[in-house]
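Have a look at the structure below before the remarks.
For clarity, chains are labelled A, B, C and D in written order, and residue numbers in each chain start from 1.
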Amino acid sequence: MSNNSSIYGMLSSVFERAIVFSKSDDKRSITELCDALLSGRGEATGTKIAHALFNKYETLSHEDKQEFFLHLNENLDVSPDEAEAAAADYAKNMSAEALKNLRKICEPKRLELLRRLNSAPGGTERLVRMREDLLGMLNDIGRLKRTDVDFEYLFSSWFNRGFLVLRPIDWTTPAHILEKVISYEAVHEISSWDDLRRRLLPADRRCYAFFHPAMPDEPLIFVEIALTNEIARSVQKVLAEGRDEIEAEEATAAIFYSISNCQKGLQGVSFGNFLIKQVASDLAYDLPNLKTFVTLSPVPAFTRWLAKASKEEPDGKAHEALGAVLGIEDGEGLERITSLQGSLTELLAHYFLNEKRPDGLPFDPVARFHLGNGASLLQINWAGDVSAKGLKQSAGLMVNYHYNLKDVEANHEAYAQDRVVVAHKSVKALADKARLG
Amino acid sequence: MSNNSSIYGMLSSVFERAIVFSKSDDKRSITELCDALLSGRGEATGTKIAHALFNKYETLSHEDKQEFFLHLNENLDVSPDEAEAAAADYAKNMSAEALKNLRKICEPKRLELLRRLNSAPGGTERLVRMREDLLGMLNDIGRLKRTDVDFEYLFSSWFNRGFLVLRPIDWTTPAHILEKVISYEAVHEISSWDDLRRRLLPADRRCYAFFHPAMPDEPLIFVEIALTNEIARSVQKVLAEGRDEIEAEEATAAIFYSISNCQKGLQGVSFGNFLIKQVASDLAYDLPNLKTFVTLSPVPAFTRWLAKASKEEPDGKAHEALGAVLGIEDGEGLERITSLQGSLTELLAHYFLNEKRPDGLPFDPVARFHLGNGASLLQINWAGDVSAKGLKQSAGLMVNYHYNLKDVEANHEAYAQDRVVVAHKSVKALADKARLG
Amino acid sequence: MSNNSSIYGMLSSVFERAIVFSKSDDKRSITELCDALLSGRGEATGTKIAHALFNKYETLSHEDKQEFFLHLNENLDVSPDEAEAAAADYAKNMSAEALKNLRKICEPKRLELLRRLNSAPGGTERLVRMREDLLGMLNDIGRLKRTDVDFEYLFSSWFNRGFLVLRPIDWTTPAHILEKVISYEAVHEISSWDDLRRRLLPADRRCYAFFHPAMPDEPLIFVEIALTNEIARSVQKVLAEGRDEIEAEEATAAIFYSISNCQKGLQGVSFGNFLIKQVASDLAYDLPNLKTFVTLSPVPAFTRWLAKASKEEPDGKAHEALGAVLGIEDGEGLERITSLQGSLTELLAHYFLNEKRPDGLPFDPVARFHLGNGASLLQINWAGDVSAKGLKQSAGLMVNYHYNLKDVEANHEAYAQDRVVVAHKSVKALADKARLG
Amino acid sequence: MSNNSSIYGMLSSVFERAIVFSKSDDKRSITELCDALLSGRGEATGTKIAHALFNKYETLSHEDKQEFFLHLNENLDVSPDEAEAAAADYAKNMSAEALKNLRKICEPKRLELLRRLNSAPGGTERLVRMREDLLGMLNDIGRLKRTDVDFEYLFSSWFNRGFLVLRPIDWTTPAHILEKVISYEAVHEISSWDDLRRRLLPADRRCYAFFHPAMPDEPLIFVEIALTNEIARSVQKVLAEGRDEIEAEEATAAIFYSISNCQKGLQGVSFGNFLIKQVASDLAYDLPNLKTFVTLSPVPAFTRWLAKASKEEPDGKAHEALGAVLGIEDGEGLERITSLQGSLTELLAHYFLNEKRPDGLPFDPVARFHLGNGASLLQINWAGDVSAKGLKQSAGLMVNYHYNLKDVEANHEAYAQDRVVVAHKSVKALADKARLG
């Protein structure tokens, strides 16, 4: 970018400019650069070598990148023999040195390589992009998961909640950030800048994102919120053009209607829990009239489950429902399945409360996220999302998860220890009525 | 502080304000809070528990703090048996899960506790202060070094050079930062705000510090620089009131005359190497006339070594020199030892080039730092620091280390691999003339 | 806007928040509020009254606004008798008091009213909007020009170049500013956010705007620049999608291809002269390879002049040319007039050099602006703007005005004193060949 | 200053850097530069000429500066003949042109010169410094007051309250601003940086200043405030080291104990009224427990009046009191006059309520300021300021003026129209008891 006058720019580290501006002309191979960076020499001129290594890496072909990761995986790994010896040594004398040695031995050398790479200009973001590449290879080359374990471990430590910065995203946010929000929105697509404007500018809308100071131009996760007078049941109504706006001070409910992770390379590092709770807490502080904090959430695996249940019981309700849902044609709304409203709603309640994975957790991934955070399942909304995607994934149904800050801890514990899905009695009643057969 | 209008404030994370503003009234003991923070419950409400734990800790007596650290040390340690088993398991199947498990097992549980504590408001700084306390106990309770190993490991990862922000410190810097610079200056005391102003305001002075975004009001390390027309040989001349100032653009040399670490709790995490090189590189870019980058450094262990040599050879030159140096009385300058200029200078050259620790590295700590960074020993300056401290520690001698960015890598390697002290031939010539006996 | 996290926000004054947040419920009429604001009482609580007056004004109908302006115009005017007396008094004793009194008497009371209105929150912008209303009434009610004289006088003083802030506009600029750039672009329409991005993001594009600190979210004027390797002759090539970009450092020419005033209410206050010269000077400093600073400008009144000339000489070249130009149909390009390239180019040269208004200045308004700034007319470009607007206004022709910073002063003087149109000899040669008859 | 990393720096205009960095080598005399700046040429290259003129001016001797001002005064003045003609013309046709011409004619040409000077880098501040010089000459050369009338007029318009920025001054404020606060404090001297820190850092202290965006490093006026639980009666208690601090939220009263104008060159432009009211209003909004807003003010002319009264009535109470006050020796406190507490307090009440200037306004300048703002006189404090200055000026007495935001308007009107000194009945009672004879 030609000029950076943004405040976000002030967060970023200043790097040796001679390095940033010089084109890297290091002739060494990428494995030689790995060696150099890990050697003592790396201490003296690490920033420069790290920059050269990234420059090299970023121009590699897919195959050569695989080679690079295999080098990390096989040649910079833990030695099991040394690990056993170090453990034995620690067992014997329990000294600080032995402990230090134990960890050093049990930590693959590639981890230190990654840490040193971080000293390059833009190093953190470049490491995140590097892991994106790696994740794309795991299906083909399963053993690279060992290397991915180290990326995940490192990022979990570096992207510790204590280092994250919460920022409002609004219509005064720099355009290069907003264009990323448009691109990263994963739940309800933002179709244009005008659409974005409608989500950010009105007095009854809010959006917040977490940033990391070393990646100041890249949101990590963001949440979009509607301030309303009642619990929203339909995302189309929430996003409708020409809807009536209200003053923020008048609102009694905050609807978290979209939450999107932005960085594939940070997979496995969890931000959403912290984000929702902090935003809820901040909003409650700023707008004392807000009493209710709920999501308006999709049920992304519902029809997938219907299909599964349908196979298991070919004459059951699930089969019937699935058939009707799949029969909806492009451009149609809910009409075709209106008569099934009762049974679909009951099936959904059943799906939430009774259908579990082998580990005992709910089948639905969004449910696992919110229940794991300590939210409860509040209600089921017919015609909550009548978009093509909404109809296809969840028969147009949406749900509200309730973040009651006072119950969050107890809910979480019940869920984490006993797999209890905390749900409102009305949802339970629906589930009781559900009949699969 | 009542109002924070500073730009530094923008770096810091925003935290759940309900937490920050509420007084913590958690009734649990500190070990119960440790358990809670490490439990699943800690995931749901970690920020709050972490805040309560710090609040508790910060009011503990010295003895209770020791108890707390002993709890971390003994009850949240690695289990050697589990470690051996995990190593064996990894040897057997080399899977990602086994590797993940190996690291988890070989990492004391207290490390995860520290990471979770970081989510509290001001967590990073509070952890640094906590380690300060711990460091003060290591002499008395040696086994706590095991816990310190974890602090050092964590801080080394978190204060990675890639996360540090370089900032100029000048006369437009907020006062609460400047007052810390005054207080942290460790080499040549800053006696007053006027003294500080003389070091920051003139066109031929510079000061830079590294900050971490999670501790935006706390410099980690800073360096003070004089821009000059010749290599400075006397710190009193550099700091003299009423000296002639020059325009920055005219200067040909940058003299790094003071470098101070600020945070005791970050002991063992090295910043100086990076700081000097980045600042040298930046200055070279901004001021193309600058050709020479040198330090003006004390020799803090010289008279200590004289005393040692004196004991070993009671009739030697070192003994004579030591006697003269020790005989200097308060308020006297160098007069009493002027006649010894030749032999003291030679002894110092010898001290640098030939006196080694058992590990083969130079006796002088400042020499180890700069030579380890790849600098070379350029020259020895008689009457370089005639303050009481300068006379007492180093017989008034100072030296210049030379950072020639082109030689830094080779120098570093020669030093790191072969313990070579790279020195100018004039220093070598002096050392050759030195006679201890 | 719900949240303002923008740096621009920091420029704005902080106002008594009790005032900003309270709804104004002042029951007085707008003329009573005028009286109150001008009275002594206005000194005690001026900000509040000013806010109430604006609130009242902003809800008035068009007719009531006219009434308000007529009140200012007739009842808060200069008294000619008092003016004559004050002039006589000053002639007599030439004292400071007499001078002060003379100015006070010769200054309409409404001017003081406007100054006091400025103390309201957002006062400056609200005054600019108020004048926009007034300007729209001058055609109907000519005598209101007296009141407009005062607005123009005041704004000329307040928007003095010494108070303007130059800011780069780029892709990191807040969206609410960028959306104004889209809306205010007056020369070559910005059709979408993607179009804007193409003008701001590439390394060889620049945009700068003047802001006033009291209206930090409102650009006053902005200029768009292309950095190129040769003098651009076609605006469509400058703006083409998929064109080859170059590095800014490689560019040798800066093409000012669009300059737009943003605030109708600031009519008569000139910023463009300052803007172009400062930007040229700044670019020359940052990018030493830049040697040539030229505009790529439309000729907005060319076909209008052709029509005039055509009427005067119905059988002449102008008539023929005009007919061809008007005959171009929607969707056609230049084809229909290709054969006239020679004669149109010559007519244009003639139009610039020989066609004058009664005051002796060139007929073309853009020419008057740039020549008045001290630029010279460099060359005429066939097919410079083949858009419908370009064809219609100027037969697709564009010109380059040259800002040679060394000649600017002399050019300006020749133009200002002797009405000399400084032009390149090639343009003069064309004009010499031109034949109207 | 070498580096400017301060947020204040972002307020300032960016100027043509070629101008700022080039040394001005214009050979023209200052009057030639005046002519050039006022000529058409000045429009083309005004910024450059303005910079050259300031550079020239700033190196002139006192005598040459006088010559310069006399040139402005005599040669760039209003022509009374033209003024009379313009007034007559306006009387005749009342057109916009005639009005415009009238003002132009009645405005000295030097005013346009000052406006054009403002376009130089740092122009606004340089003009303020220029007027400082001028003010120093008015005693010697009275007729220069005509030129000063224009400076005052221009600054009153440019430093309109709508352009001022209120900023908190606290311990995070840049040092170069704080050092000006130390230097500009005019009421209760700030003796050191530690003293400053005690006034800024504690939770129960506040300080605010007005800035102008074109002079971002120069406070215009600032006020220091103590948040307390009762109306403070002694400035020494307010400023005592080691006093008990309270939380801001607990405070019920805000004591404005010092207010200082900073810029001599802005004499006659009033900021204090706005500052106090805005700060009171803001504090009331932030800290809802604050109910009382009062000053703790000196009585700077009390002993001067005692001397006057003493002369008029050599045997009266005033004479006795004055003698005792003057008899206080260095280092003594109030002891010597304790017995006079009653009569001094009564005399002071009388002084406020009954002693007037010929224009009917109170004798005391501080009283005129606060009463003119609409404050009322609340109480008289014995031993309010026992510093040497306090004893000498006001016999150690201080008073509280009360800013009751609800009464301010009515108080102001009573004072402005009828010269009523609004005072608490207890003060009136004291005045009634006062006996001069």
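Here is the rule we go by: a residue touches a chain if its C-beta (ideal position, glycine included) is under 8 Å from a C-beta of that chain, and two chains touch if they have at least 3 such contacts.
Not measured: the values here are computed from a predicted model.
Shared contact partners of chain B and chain C comprise A, D. Inter-chain centre distance (chain B to chain D, centres taken as mean C-alpha positions): 48 Å. Between chain A and chain B, the centres computed from C-alpha atoms are 38 Å apart. In terms of their C-alpha centroids, the spacing between chain A and chain D amounts to 57 Å. Counting partner chains per residue, chain C has residues 7 touching two or more of them. Contacts between chains close into a ring here, every chain touching precisely two others.
Contact between chains, as defined at the top, is found for A-B, A-C, B-D, C-D. If you check the complex, the residues on chain D that touch chain C are 7, 10-19, 40-41, 43-47, 78, 80-81, 83-84, 86-88, 90-91, 94-96, 99-100, 102-103, 106-108, 115, 118-120, 123-124, 143, 145-146, 148-149, 153-154, 157-158, 160-167, 213-214, 273-274, 277-278, 281-282, 284-285, 372-374, 408-409, 411-413, 416-417.
On chain C, the positions that touch chain A within their shared complex are 1-9, 167-168, 170-176, 178-179, 193, 197, 200-203, 205-206, 248.
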